[in-house]
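What follows is a set of notes on a single structure, which appears directly below.
Per-chain residue numbering starts at 1, and chain names A, B, C and D are given in the order in which the chains are listed.
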Amino acid sequence: MKEISEKLREFNEEREWGQFHTPENLSKSISIEAGELLECFQWNNNYDSAAVCEELADVTMYCIMLADRINVDLKEEILKKIKVNSEKYPVSKSKGNSIKYSNFGD
Amino acid sequence: MKEISEKLREFNEEREWGQFHTPENLSKSISIEAGELLECFQWNNNYDSAAVCEELADVTMYCIMLADRINVDLKEEILKKIKVNSEKYPVSKSKGNSIKYSNFGD
Amino acid sequence: MKEISEKLREFNEEREWGQFHTPENLSKSISIEAGELLECFQWNNNYDSAAVCEELADVTMYCIMLADRINVDLKEEILKKIKVNSEKYPVSKSKGNSIKYSNFGD
Amino acid sequence: MKEISEKLREFNEEREWGQFHTPENLSKSISIEAGELLECFQWNNNYDSAAVCEELADVTMYCIMLADRINVDLKEEILKKIKVNSEKYPVSKSKGNSIKYSNFGD
């Protein structure tokens, strides 16, 4: 992740693109690219693997750039979130179903 | 990235969630979480840092899970894409502007 | 709205596209087109009016098609929602601010 | 559509919300609400009808507000777009398939 982050920073610095990469603009970009990824699955499941890879790379690149922009260690954030999710979705309640935690009965 | 990927796989296997994680459903999930991230910037730029981190982690987790699901090395894909972008956006044409490559005049 | 709805139904019937227009696929399409609309504002506010109009028409068309597909009177639903919002966001609490109702203090 | 448009304008004027409703912010809002609509179909097709209606109303309301904000007759735009699509997707090429026009062979 760190290696990619540095490569992206270098790429953007060469082009003086930092001025466009506000947290807000990067968040918009993530949504835009997520839409392009979803387009690979718009009408059916016979997706074009190369197109999916490319769009997935785009979304993830913007995620890494946003983390870099707001000085966040993305790996740490994900590990934290997995821990939170382990508590929100205990195996005993979540095994084999996709029920949202807010809909768990008591 | 590999470490996170394995942690996520373990988390999902314990819950038998693989059945829900088709490439299509993961792509939808990336769009959904991208929308939640964008909500942090809906009306202004005074964003809640903790909320942004959490939503950013969510988007990225689903990206890593999708790469894992379709057996793609996400790091490799991103490095490939940076190379493609270097050619699409040469420094000479892109320095200091945000013009899309398809709008470069000749 | 009804006139458009009928025109769209006719357009789709001629092409036998009803088979693709499940509620799920139409919802994906709304997200995809919303991303294309957002792309008009990706890096700045100097938007191309014609492009915005076209993408906005796309999003709205899919909304009308989804309402038609699940037999819902979209106008009624919107009027209902405005009423709900009037109660969630009373003028006394919301005038001049963009605070989410869940963040209203007591 | 005009009736809804006026009701929304009145609702927003009472709350002095026009200041937040820039074309960009409304476009973000459309993407955000489209994500919430998509969430109704995240893992399967057993959707909650009431939730779908509510989210669909939200997306459409923001579409109508954006059209109003940029002084566009949304109905006219949609009728124009249907005409464009009729030419892009002639019945002879599109009947019974979901192929994108850019992928039509010759």
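The definition used in the following text is that contacts are C-beta pairs under 8 Å (C-beta built on N, C-alpha and C of every residue); 3 or more make two chains touch, one makes a residue touch a chain.
Model, not experiment: these values are computed from the prediction.
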Interface sides of subunit A and subunit B: same vs different residues, half threshold: same
Result of counting contacting C-beta pairs for A-C and B-C, higher pair: A-C
Subunit A and subunit C, separation of their C-alpha mean positions in angstrom: 24
Rounded Å distance between subunit A and subunit B, as computed from the means of their C-alpha atoms: 3
In subunit B, residues with contacts to at least two other chains: 20, 28, 31, 34-35, 38, 41-44, 98
Subunit B contact footprint on subunit D (complex, rising order): 20, 25, 28-29, 31-36, 38-39, 41-44
Residue numbers on subunit A that touch subunit D, as the complex places them: 28, 31, 35, 42-44, 98
Contact set on subunit A toward subunit B in their complex: 1, 3-4, 7-8, 11, 14-17, 19-20, 22-24, 27-28, 30-31, 34-35, 37-38, 40-41, 45, 47, 49, 52-54, 56-61, 63-64, 66-67, 70, 72, 74-75, 77-82, 85-86, 89, 91, 94-96, 98
